[in-house]
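You will see two complexes here that share chain A, one where it goes with chain B and one where it goes with chain C.
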Partner chain A sequence: MEKLKLFISLSWRNLWRNYRRTLITFSSIGIGVWAMIVLASLMEAWAMSTFNASINTLTGHAQIHAEMYLQDPNIEYRIDIPNEKQTALLNSDAVKAWSVRVRVPAVVQSERENAPLMLVGINPQAENGLSFIPDSITKGTYFNDADSPGILLGTKLAKRLRTELNKRVVILSQGPGGDIKERGFRVTGIYEVEQEDTETQYAFISLNKAQSMLKIDGDISEVSFVLHNLDELDHFLEKYKKLNTLSNIKQDIKSWSELEPFTLALLDMTSGTIALLTVIMFILIAFGLVNTLLMAVYERTREFGLLQALGMKPSYIMYMILIESTFLMGIGVIAGTLISLSTIEFFSSGLDLGALAEGSTMFGAGRIMYPEIHWLQSSIIAMFVWIMGIITSLYPAWRASREVPIETINKAY
Partner chain B sequence: MIFGLAWRNSWRQPRRTILSSLAIAFTSAFLIFMPSLQYGSYISMVENTLRLFDGYAEIQQPGYRDNPEIRNSLKIPDGLINDLKNIKNIKTISQRAISFALLASNQRSFGAQIVGVQSDSEALVSTIPNNIKQGRFLLNDNSNSNEIVLGKVLAKNLKVSIGDKVTLLGNGRNGSLAADSLTVVGIFSTGISAMDRLMAEISLQRFQQTFSMNQQVHSITLSGTDISSFQNSMKSIYAIARKNNLVALDWQQLQPGLMKGILLDISTSLPLYIAMVLVVTFSLLNSILMSVLERTREFGVLLSLGMRPSNIAKMIWLETIILIILGLLIGIALGYALTEYYAHVGIHFEEAQEIFSEYGLPNAMYPQLNWFTLLIGPGIIGLSILASTIFPVMRIYKMQPVPAMKAV
Partner chain C sequence: MSVIVSCESLSKTYGADELLVHAVDAVNLIINKGDFISLSGPSGSGKTTLLNLIGGLDIASSGKITVDNRRVDKMNKSELADMRLNHIGFVFQAYNLIPVLSAYENIEFIMQLQGIPAKNRRAKADAILEEVGLSGMGERRPAQMSGGQQQRVAVARAIVSQPSIVLADEPTANLDSHTSNDLLDLMKQLNKEHNTTFVIATHDQQVIDFTQRRIHMLDGKIDKDEQSL
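What follows is the complex of A and B.
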């Protein structure tokens, strides 16, 4: 213990014997760590933005359909509204929001044009907190209840159809028997989202109007829900599946990762890229670190010889150098981490991609990134660089301990 | 003599010189490889996206882009096709007509985007004819046949296969009813979900007849051998379009998100590159500064023997340049070899296939090396290290012979 104290004070003083070198090494380590943490956080923000956009676009954390519906989203494949037990589970504390929908392919016709789309019958109140719809109405009004008349169209679709608020459009869709059902709707609302694809893909009517138009009584196409805590999803789905098995109900229950493999792949790729960049950045820092430590060792060869001649064990010299490098890396890493955290904090209210936003929405993410401080990730990056740095300095430390006392004392400069 | 001194000084501490130049080499190899990879993926993303359907450029009726409705069609002016044929980089000219309509099979009906194409030239502007998974594409006779090819998902949704009949219902150009009965001859799969779900192609003549188009079309799609040489001809294409009161759209207008996506990717990777250059510059600055400071006594002797500070400075500059050149040579060789290797083998992303096909990329990336990507990264590294050498050099001018000789 005494010895450790001695090593620490020796190493600490050694660091500041050449403060210029120490400061430059700090900056190099600091910049590296700073860049890694900030970039990692931006990439996470990007991935989260894609994830949220995908969850908000009707996917939710999971969906329940009739078997076959996902392969063939047709009116034939319907399910009953959740029964008592299922409803109880969906109303439990774990669930933030859930809703039932009718979702069928349809064609919309205006006076001038027609376009194919997905017609979605929604329960307006239940969509709050579940999907983008309630918060995206830019013109007109949202539905009041599941009986509301009217249709909500996307801005881009409305433009393409050359229709506008309060005009009428006709919806054509196939009923359960294969016959075409047709009904006119007044455009009561126009919604706008960042992903233009969504705007042309979905039109919304109220649930009851959808059911009565398609003559499917109380049947629905899907149940969608989001949980408060995504980590509980697997557990929750397990419970739901068990419930279905017990009541002998066959339904297709899929989590977001199965519904949106594209988003999952993007998230995986992001974490892979972060890991790769951290390693590359570390290799760069390592070059500088080894160089600095080696120099520090060489210029002190005589000193080490003297220390050994005075009776210091070679292993102690090694410890001393290792502690020096622990300090050197540590201060650089901590400084880099602190600066990066404040950089992220600075941008956390939203980093507007501005002119580049169109590119961002093309990749399925939003226009504004919200970088967050990821404590775990930041500390992993920081600890990785720190520990790897100490391991790297084993070589210079070992070199220093190998000097032969007499030769080095006599070594001239 | 100064060069000789600098050269020998460089090898007094071989380990330091080697480590420093390896740091430069590693960074420059990385900064050659990454931009080449990005450039390669941009090119293949642009090419794949455009070749899928859009072509390299399109000529349309003014206003069609904002309102792609059936009425915004154009009558091909006399001489236009010939004028276009005379432009050097245009290899293919294909006419299309497009409308939305309802397709119905016995059991199902779905909305679809119906494209009327010239079957012989379509294969040269779009990869759809080459992506037929079942059956065949429309025959090459541009006839008035009742054949239709469908996207994979559309065919599945309609529950039709090769040989089945589908009924088309839509609105003609003059507002009349457009109805037709067609036979499915082919099913294509592009990997782009929107296309496989929505698109169907019939012959242009059939389209014009069914939709009462009166010989008109919606777009003249142009294609060439590669996008960069084709871009050089855009000026003449614009001029021809203007002369005929039409508009020409280049690839950036056809796919506005694509260029922005590329810019976004560049601007997110730039901070990383800058940070890497900074890290390597700092570590080199450190190494050079140390090599100057540890020789304080030596420089004191040189100064007192009458060597001018400017000559010592020159020596330091030369040492740095030797270090940089050494590092850059290794780095460029390494980066070149690495990039060329992967340019041939390709970097495969089996797991990310989903993402790649959605962005119109094959599931392998091929970096592309050119003079710019080969030299820009190493150049910036070299310059920034050179610039930072000013600090150690300034130390030399501050040295006084006698105190310097006494320095420890």
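What follows is the complex of A and C.
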């Protein structure tokens, strides 16, 4: 214990012998750690934005369809509304929101243009907290109930169709048996979202109007839901599948990761990229650290020889250099971590990507990022840099311990 | 009289073939407890090399060295470090204090390596600082002290562990004659009071005259070994 106190005291004081060099090293370690943690947080925010946009578009945490619907989203592949047991499960505490929808490919015709799209029949109240549509109406009004007349178009689609609020459009879609069904709708609302694709891809009508237009009685295309806790999804899906098996119902139940493989790949890629960046950044720091420690070792070879002459074992010299490196890395890492957490906290209310937003929305992310402090991730990055820094300093420490007393002491003469 | 150091046919060579240099050449030497010895000779005569071999700072090419009945020539690095810590004190020409430590801490350093508890260290360091005439200067760093003061701290550091022998290599070379005299008085006083053995390698006739046993080296061999009257 006495020796440890001595080594700590010596290491700490040695650190400040060349305070300018020490401060520069602290700064480079601190800036490196800051960059790593902030960048990791921004990438996480970007990935989460993409994930949320994907979930919020219409996917939810999971969807239930008729078998084959996902391969061919045809009106022929439809399901009954959830039965009593399924409804009870969907109404359980685990579920935040759920809804049934009719979703079929269609063509919309305005007075001047036409465009292909996905027609979605919705229960307006049930979409609250489930999808983007209730909060995205910028002109006109949202539906009051499942029987509301009218159609909701995206801003970009309305522009493409050269139509506007209160004008009429005609929807054509294939009904059961292959008949073409068509019906005119007045544009009662225009919605706007950050993703241009969504605005041109979806038009919304009320559920009952969709069912009556397509003559499918009470049938639906899908059930979509979100849970309070995404971690419970697998367990919930298992329960739903078990319920279906017991009732001999064959349905295709898919989680968001199966429905949106691109989003899943993006999230995986983000984790991989963060790990890669951490390693690259660490290598840059490591060069600086080894350089600093080697310089400090070469400058003090005579002193290491003296310490050995006075009775310090070579291993003690090694411990001393390692403690010095622990301080050097530790202060840099702690300072970098604290500054990065402050930076993230500062931008946590929203970081507007501005000019970069176009590129970002291309991948489904929003224009505004909401970076969050990820304690575990930040701790892992900080500890990784700290520990790897100490490991890196083993070489300078070993060099110092190899100094032969007589050779180094005589250098002074 | 007990024997502290014994060298038998001790040699140290550098280089090889035609360039072979015998820095120490088959030296036989006995140093007894309480000796106050000067080791003199011209440059290159081998006095510093002999001192380094006795102190375990250098490795002998052949021969046998015993310090306090321990075979120095058979020890590994770690054992040599332990022996230097507990049995040998060093005083160097360039003082060689640890620059980041105060005078008090430089003395305490040895005791810390020995694992002596803090309360005992403080009392011992205070007593030794007083003994070398530096009481009240314990908190000063080496850079804040004169050469003579630094060398006194080095002597204090060398004797604090009550070593069997103190090896001093040209301890007065960087000091003026007045300060040199003071330092020699101090070493002599420590020799008398604590019966500490001193071996001082030197060119300085003033130092040689001061010692009780005078060993003169020439070409790596002991040329003369005489006691003063």
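What we mean here is this: the second predicted complex is superposed on the first by the 411 of 413 C-alpha atoms of A that agree within 3 Å, B and C clash if a C-alpha of one lies under 4 Å from a C-alpha of the other, contacts with A are read in each partner's own complex, and residues count from 1 in each chain.
The criterion applied here is as follows: contacts are C-beta pairs under 8 Å (C-beta built on N, C-alpha and C of every residue); 3 or more make two chains touch, one makes a residue touch a chain.
Source: prediction; values computed, not measured.
Asks: Touch check for A:Pro314: first (chain B), second (chain C), both, or neither?
Replies: After superposition on chain A, A:Pro314 lies in contact with chain C alone.
Asks: Which partner reaches more residues of chain A, chain B or chain C?
Replies: Comparing chain B with chain C, the partner touching more chain A residues is B.
Asks: Based on the superposed arrangement, let me know which partner A:Glu303 touches: chain B (first), chain C (second), both, or neither?
Replies: Second partner only.
Asks: Contact-wise, after the overlay, does A:Asn291 reach chain B, chain C, both or neither (first, second, both, neither)?
Replies: Only chain B is touched by A:Asn291; chain C is not.
Asks: Per the contact definition in the header, classify A:Asn14: touching chain B only (first), chain C only (second), both, or neither.
Replies: second
Asks: Using the superposition on chain A described above, determine whether A:Lys250 touches chain B (first), chain C (second), both, or neither.
Replies: Neither partner.
Asks: Let me test your reading of the model: by the given contact rule, A:Ile283 touches which partner, first (chain B), second (chain C), both or neither?
Replies: first
Asks: Kindly list the residues of chain A that each of chain B and chain C touches, one partner per complex.
Replies: In chain A, positions 413 sit in both the chain B and chain C interfaces.
Asks: What residues of chain B sit close enough to touch chain A in their complex?
Replies: 13, 15-16, 19-20, 22-23, 26-27, 30, 66-70, 100-102, 104, 106-113, 156-157, 170-171, 194, 198, 256-265, 267-268, 271-272, 274-276, 278-280, 282-287, 289-290, 293-294, 297, 351-352, 354-355, 358-359
Asks: Okay, in this complex, where on chain A does chain B touch?
Replies: 18, 20-21, 24-25, 27-28, 31-32, 34-36, 38-39, 42-43, 46, 71-74, 105-107, 112-117, 159-160, 162, 172, 174, 178, 180, 197, 261-262, 265-266, 268-269, 277, 280-281, 283-285, 287-292, 294-295, 298-299, 353, 355-363, 413
Asks: Quick one: in the complex, what on chain C touches chain A?
Replies: Against chain A, chain C makes touches at 52, 55, 57-58, 77-78, 81-82, 84-86, 90, 92-94, 96, 98-101, 105, 109-110, 112-113, 115-118, 157.
Asks: Please give the residue numbers of chain A that touch chain C in the complex, ascending.
Replies: Against chain C, the touching part of chain A is residues 2-3, 5-6, 9-10, 13-14, 17, 302-303, 306-316, 405-406, 409, 412-413.
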